[in-house]
Amino acid sequence: MIRVTVWNEFLHEINQPEVAAIYPDGIHGCIADFLGKEEDITVRTATLSQPQNGLSEEVLCDTDVLVWWGHMAHDRVEDATVERVHRHVLGGMGFVGLHSAHHSKVMKALLGTTLNLRWRHDDRERLWCIAPAHPIADGVPQQHELPIEEMYGEPFDIPEPSETIFLGWFSGGEVFRSGVTYTRGKGRIFYFQPGHEQYPIYHDPVIRRIITNGVRWAYLPCRTREPIPIENPEPLEK
Amino acid sequence: MIRVTVWNEFLHEINQPEVAAIYPDGIHGCIADFLGKEEDITVRTATLSQPQNGLSEEVLCDTDVLVWWGHMAHDRVEDATVERVHRHVLGGMGFVGLHSAHHSKVMKALLGTTLNLRWRHDDRERLWCIAPAHPIADGVPQQHELPIEEMYGEPFDIPEPSETIFLGWFSGGEVFRSGVTYTRGKGRIFYFQPGHEQYPIYHDPVIRRIITNGVRWAYLPCRTREPIPIENPEPLEK
Amino acid sequence: MIRVTVWNEFLHEINQPEVAAIYPDGIHGCIADFLGKEEDITVRTATLSQPQNGLSEEVLCDTDVLVWWGHMAHDRVEDATVERVHRHVLGGMGFVGLHSAHHSKVMKALLGTTLNLRWRHDDRERLWCIAPAHPIADGVPQQHELPIEEMYGEPFDIPEPSETIFLGWFSGGEVFRSGVTYTRGKGRIFYFQPGHEQYPIYHDPVIRRIITNGVRWAYLPCRTREPIPIENPEPLEK
Amino acid sequence: MIRVTVWNEFLHEINQPEVAAIYPDGIHGCIADFLGKEEDITVRTATLSQPQNGLSEEVLCDTDVLVWWGHMAHDRVEDATVERVHRHVLGGMGFVGLHSAHHSKVMKALLGTTLNLRWRHDDRERLWCIAPAHPIADGVPQQHELPIEEMYGEPFDIPEPSETIFLGWFSGGEVFRSGVTYTRGKGRIFYFQPGHEQYPIYHDPVIRRIITNGVRWAYLPCRTREPIPIENPEPLEK
């Protein structure tokens, strides 16, 4: 079983009725619901307002893959939480960053760049799969249309990805590396752009398939839970 | 001095008056002209109908970077020419493949995939620079519009590039990895998508800047002209 | 079930009694035997002397992952066989190239370089795992010693790998990228260096684990069996 | 002219006479001396004990490439210095990290991993060049022996490099990715392993050539000095 924790800052759904209408149980509730229907996945959720942001050492030790959605309150995530998550990823916990998670403290700490980008509300996206052999593309169509989505556009200040799986086309004239992977330490990271809170993106079956594939891809069976160590070994005898 | 050979199949310009009107000296003539104005570059040209397709062993030994434009007559390039060019690239000759060169025998031999793609005439392209620190992007704007260009779209059957420098946005709904680099053996390869023969793409100053940058990037000063060899060395004494 | 075909040129085992002693059923027999014990794998074998080198269109259509061992008779593999295997890899068949398969026609066609290297018999290898989060490294120790192995050394004329999983250290003074991955078209390729025919490398449980992991990694569930096509689509309606 | 600043913590040379004997002007003095002899390079130095660690905003604005050597006092580099250097690299300043700089706060911030490794004093290294077409390998031999050097060994906890140029072989049984490149934001990063303070590594002409090549490679002519921004543009008119 893959033990997944879905983290959400859970503010838009409380403050904006139109978001609550789309996600009555929160974005985390929606994602946890569809992931939890998979036979090989068990899910819990965690949110910003919980003690330790819901991500104590104990919770992280019990998590194989952490899914992260945050937007307006990145700065309210405690530094100690960032340190714990960062360390667990380097030790082998998978990390799936969704949409505005690109500007989270955790992703900045893991990737080292600003993760800045261009953005604009109310555009139309066509998601192109450019790596059909990648496990995250399994069962995903060559192209997929999101009739309304927030535009995220290049230049996107990220390290050159390990693999670029999806490119986004936006009707307003932009392109974006919409699905990219990284490995940091023993941890595998998948960033996936779709998911503006005002549109029902996480109800879309193709988007759900991609996130589910991403969770499976990011899961490391033989996780040691310790980052790669410093060692001072004896030389090989000649 | 960087010794450049610009190769062109040189058929459209002979058979289609509208192409000849844009490129009265051939596409190769146009490219050789702007490259030759650079202080550090000397240029010659070669075309399909010449003996050995204009690319004898002697010519290739005297070439630091080969620029290639071909489209309708890929199959008429002799296999011996392909073998020579392939070998010289592995030995350190730079290669800049333009537009429909993607389906040339040389690029297929170097990259090993079909290089298939989607295409459509008469679209509009916006070229996005996503690797501003790359030498090929030097002095190139963040975005550049080509009011009319042939659409080349994903999925593009190429190996994962060493670096993706440009992404193309097309008004008809497609995206494309429009500028990508590879290293094969000791040779550096830059593929650049713009350049349909019916539009004056190679008269565009930004396009010229990118191709010139590409030539300089692909140039290897200490070229040995021999591919990496097989060796059977003695062990290090202990 | 993952349908694996293990291909071997099967000449050393016939001509050299000391090799036959190590591999009485051939190298293919040994590899097929340990792979076939896995619950999710079914195996067949094929050899050079069979009609169509044992790799007819029918066999390849029935193969999810092809494992390849060849050494002294690369040139005797028919060009039509190479074309079929190449096309099936681009269409999604996984490919695991072992040891001297680096110089096979198939790997040269897929990767486009000479795949030249340095070599020397009778060295000692330490295999270092440098990508512990990769599925091919699952359950594999940080380092593993092969008391006697043929040295393969850098410079190894390969394209920059998608991921480098193992580095080999040799007592005679050389290093080698001993386990590397690529994707070409829809096909995933794993090259793994150990396996000189005169040493019982494929009886080593760690080596068996790595090859088994490689087969699972190279397997593509939603294989279409067609390479990425050329398409000439209509534009998106505005 | 490439404006280089060579930074050194400058403690070993003060506290250990045997290090002072090798580097009477400090490691920074030695490196500045050989770089400064190049016609296209001007050099200054900076050290830990200076105000703002010698790296004020003014100094960094006047620096195209920063060379960094640090070892025992990583923690004494001020966080504000780390923030400034990090921001300047993302804005296009090149960064060459030498030897024990792997554990500097700056490199950890840029790369996001622990950069842990194995180490042992008093080993012998053979440096193998595996990317002969890379500008950093220009004029560098295929192999180069360092009769005595500190062993740095895999697993090295770094992100998969953009390009791996050198692999190190150590007589005690280890291998290492000894020369690797990254791009972060608009900045280019070269990490190069040799340079333990107790051995005269920076007097070696091959090592000097590699560092000089690294400085030239990391230099970005059209540096804007601003990281990739956040933008909220209007859509393209249709």
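Things to note:
We just call them A, B, C and D in the order they show up, numbering each chain from 1.
One rule holds for everything that comes next: a contact is a pair of C-beta atoms (placed from the backbone, for glycine too) under 8 Å apart; a residue touches a chain by one contact, two chains touch by 3 or more.
Note that the structure is a prediction, hence the values are computed from the model and not measured.
Counting C-beta pairs in contact, the pair that comes out ahead of the other among A-D and A-B is A-D. Centroid distances built from C-alpha atoms place A farthest away from subunit B. Two copies of one sequence, subunit A and subunit C, touch each other mainly through matching residues, since over half of the numbers at the interface are common to both.
Inter-chain centre distance (subunit A to subunit D, centres taken as mean C-alpha positions): 32 Å. Averaged Cα coordinates give subunit A a centre that lies 37 Å from the centre of subunit B.
Under the contact definition stated at the top, the residues of subunit C that touch 2 or more other chains are 126, 131-132, 153, 155-156, 160, 162-163, 173, 183, 185, 228, 236.
Only residues 126, 128-132, 142, 153-156, 160, 163-164, 167-170, 173-175, 177, 238 of subunit A touch subunit B when the two sit together in their complex. Subunit D meets subunit B in the complex at residues 92, 126, 131-134, 138-139, 162-163, 183, 185-188, 220-222, 228, 236. The part of subunit A that touches subunit D in the complex is made up of residues 86, 90, 109-114, 116-120, 123, 151, 153, 155-157, 159-160, 162, 171-173, 182-185, 227-236.
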